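Two complexes are shown next, each including subunit A; its partner changes from subunit B in the first to subunit C in the second.
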Partner chain A sequence: MSDPFLLFDLLLAGAVIALAIATLTVRDLFAAIILFVIFGLLSALAWVRLSAPDVALAEAAIGTGVTGALLLKTLHHLRYVTGSLGTNAVESLSPVQPVPAGVSWANAAFCGLITLGLATAFLGAPHAGPGLEGLVAEAMPASGVSHPVTGVLLNFRAYDTLMEVVVLLAAVIAVWQIERGLSDAPAPALGEVWEGFARLTLPAIIVVGTYLLWKGSEAPGGAFQGGAVLAAVGLMLLLSRLYVPRPAHRAVARWAFVLGTGVFAGVALLVASGGRVAFEYPLEHAKTLILLIEGLVTISIAVTLAALFHGREPVAVPAERGDNDA
Partner chain B sequence: MLEIIATAFIATGAVFFIAGTVGLLRFPDIYCRLHALTKADGLGLALIALGLALMANSFGEVFRILLIWFFVAVASATGSHLIASHARLVDRVHENDPDRERQT
Partner chain C sequence: MTPDLIYGLTGIAVFAIGLVGALCAQDRLRRVLALKLCSVGAGFLLVVGAWRTPSAAPDPVPHALVITGIVVMVSATAVALALIRRLKSLEAEDDD
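Moving on, here comes the complex of A and B:
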């Protein structure tokens, strides 16, 4: 590695750590979210420098874009609940209730354990070994796709990816259990400039999201990145009130949530019933099956993330809380 | 020759980005800061995109750089418009608020 890049990498690493510390220590919640978003963007850049463009795309789209939007929406709700909406940021830093010390310590303990585990894994890994690249490259012809990362995610280690999709499904189920009805917090007025921007960019986002998904079989991209980009369409529609979730849409939404997980698991079972291991796709159908799974998982991810941003199950009358028609 | 021109464009673009950042840090209120940031960064981005387009290998790459430039420019203009209009809204609520002078 040449010298100028080493300097750049050191600066980048320093900036990422400094931003992480600043995010945790700054008292203004809004500033904390903005710092977190910048932290995510620089982390994405760090992944690019580590030659992992797939992870960089996922970090930028999900870890930064969608998570940032979720955090901002939460802050909007918090400010509404504490009655500090429309006032200055500094006055609205106290949450509804202070976090109990026990929760903080439990959080710290879990983070410490994860750090310890990562450190053990890092130190225990073979130094400068060939890694698994050789094995993957050898098995690539059997995967049905030409991009190694997609081969690993959707074929060799498809179980892990299935579990990731299940995690998203579990998240949206939990959110819909917790809260129902319409948000009382007023939607921010965004104005005509925003509407023009939305009209201009919505078609482009759809094209980019689909492109990321399609490109995934031969280049960095795939279901999670494409899904997160497509989720941005949902976010913009919800923000500009072009789409307002109604109770009648719940059935469609539920099908969309389950679609990815269902088809993913269904294909695994179907393959397994033919006397093979769960994700051992027959070679002649491997690309078709992977594209089918990725396409439907993308739809699920996009709808789920948009639903998480909306944050509650749409119910016509908020008084109908006992209504258990799930 | 083309590389030298491209490098010159990118370097000039970087200078505009630095100027925008200095403006963001030094200017007194949010409107001046936005002005510095959007004007300087907009020009900086255009120059860097132009420099990169000169070094691109294929027409497809040039087209993609053009698209990226267009959407970043539109998004940053929209974003700064939203920030400014929200700041005006908050300003009207707090007519005489000393907090506006806060240094970043």
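Moving on, here comes the complex of A and C:
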């Protein structure tokens, strides 16, 4: 297979590995995060080459975009707390103790063994063999959607997806609990986004996110990709100060967090009460139910990811901490 | 040399780099980055396992698994980063 794509694949693979090494070796943490974002985008490109556009979209939007924003926010917070903001801090932010040489060698040997084992297993495994795609293709007419990945996510393996939404919910609960004690200090001011830029891009992001969600039943896209793109709207609103979270909004936020999980589980119970197995949607309502679940899960994902970025629960002023546990 | 071989070995290399980083990195933020690298490497292997030939449709089940993994990873990262922020604040209070 000597086509120009081979050269492209080799170059891309080399770039991905080089960026992974650079992410861990570059001294400046800000540079490390930026390199990581580039690494994630190139990985997404590699997954497009492996005909996995859904995974590539999810990696680009969630694994790289939202994660990158979270990392940058954390770095900003760490530098703000240490007071080295603005200075070109190249030193690492945690206390550094020298590692004994023996430990380093043991680590290196351990990693080498694991890598060797993985490589042997990978090279020895049968390649391009038949997997589950035949079964999925057979069952697709009964799923209510025409895109296989969406069919697997929301019908055949809907339990996995329900648990995934629960994990997201657990994460936002954990983050609110962890950050509760931080409310004494004023929130570090994040860099500003030019309001005109926000006004121009916000409508476009909303259209793209909704399109990804809507298109998901027949083409690459879906609730998670659409939700992550819509979460970018929340990030932009927070950064440009067009929206400032207030304590009164906590109730709405909580409802939005549990909306997706609640509706997902509710539909499963409703279907199960009709003498069927949970998630065995009746065929004539399958597409409606899947779109209903996807739409509401998208809202939950978008709000949850934006809340994870914002971090702490909105509290009025430090003086009024009495109503914290409302 | 087919794409699955190239990217499969890339995935293993990225996983190994992430593993070394997670064990040896001194800085907490960098250790989280290293674990993220591990997860992307694992994703590479699953996507490679789903790949067939350039013309044949890939297996959608591993794709769904990787998407689930990406969302779980961003949740775990968010919690880890919140813990790092909190730890830093506590250390800063101790220094005062």
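Following the convention adopted for this analysis, the second predicted complex is superposed on the first by the 265 of 326 C-alpha atoms of A that agree within 3 Å, B and C clash if a C-alpha of one lies under 4 Å from a C-alpha of the other, contacts with A are read in each partner's own complex, and residues count from 1 in each chain.
Criterion: contacts are C-beta pairs under 8 Å (C-beta built on N, C-alpha and C of every residue); 3 or more make two chains touch, one makes a residue touch a chain.
Predicted, not measured: the structure shown is a model, and the values here were computed from it.
> Regarding the shared-chain residue A:A46, is it in contact with subunit B (first), subunit C (second), both, or neither?
Once the two structures are laid over each other on A, A:A46 reaches subunit C alone.
> Tell me the contact category for A:L269 with respect to subunit B and subunit C: first, second, both or neither.
neither
> Contacts for A:L242 in the overlay, against subunit B (first) and subunit C (second): which applies, first, second, both or neither?
After superposing on A, A:L242 lies clear of both subunit B and subunit C.
> Can you tell me whether subunit B or subunit C touches more residues on subunit A?
Result: the larger residue contact count on subunit A belongs to C.
> After lining up the shared chain so the two structures overlap, which partner does A:L78 touch, if you call subunit B first and subunit C second: first, second, both or neither?
Once the two structures are laid over each other on A, A:L78 reaches subunit C alone.
> Using the touch definition from the top, say if A:G63 reaches subunit B (first), subunit C (second), both or neither.
Second partner only.
> Considering only the touch criterion stated at the top, classify A:A142 as touching first (subunit B), second (subunit C), both, or neither.
neither
> Which partner does A:L168 contact after superposing on A: first (subunit B), second (subunit C), both, neither?
In the superposition, A:L168 contacts subunit C only.
> Please identify the positions on subunit A that touch both subunit B and subunit C, taking each partner from its own complex.
Comparing the two interfaces on subunit A, one with subunit B and one with subunit C, no residues are shared.
> Along subunit B, where are the residues that touch subunit A in the complex?
Listed in rising order, the residues of subunit B that touch subunit A are 67, 71, 74-75, 78, 81-82, 85-86, 89-90, 93-94, 97, 99.
> Please output the residues of subunit A touching subunit C within their complex, sorted ascending.
1, 5-6, 9-10, 13, 16-17, 20-21, 23-24, 29, 32-33, 36, 39-40, 43, 46-47, 49-52, 54-55, 58-59, 62-63, 66-67, 70-71, 73-75, 77-78, 81-82, 92-94, 96-97, 99, 104, 107-108, 110-111, 114-115, 118-119, 122, 127-128, 131-133, 136-137, 148-149, 151-153, 156-157, 160-161, 164, 167-168, 170-172, 174-175, 178-179, 181-182, 185, 224, 301, 305, 308, 311
> In the complex, go through subunit A and note every residue touching subunit B.
Residues 86-88, 90, 188, 190-191, 193-194, 197, 200-201, 204 of subunit A touch subunit B in their complex.
> Would you pull the subunit C residues touching subunit A in the complex into a rising list?
1-10, 12-21, 23-30, 32-34, 36-37, 39-40, 43-45, 47-54, 57-68, 70-79, 81-86, 88-89, 92
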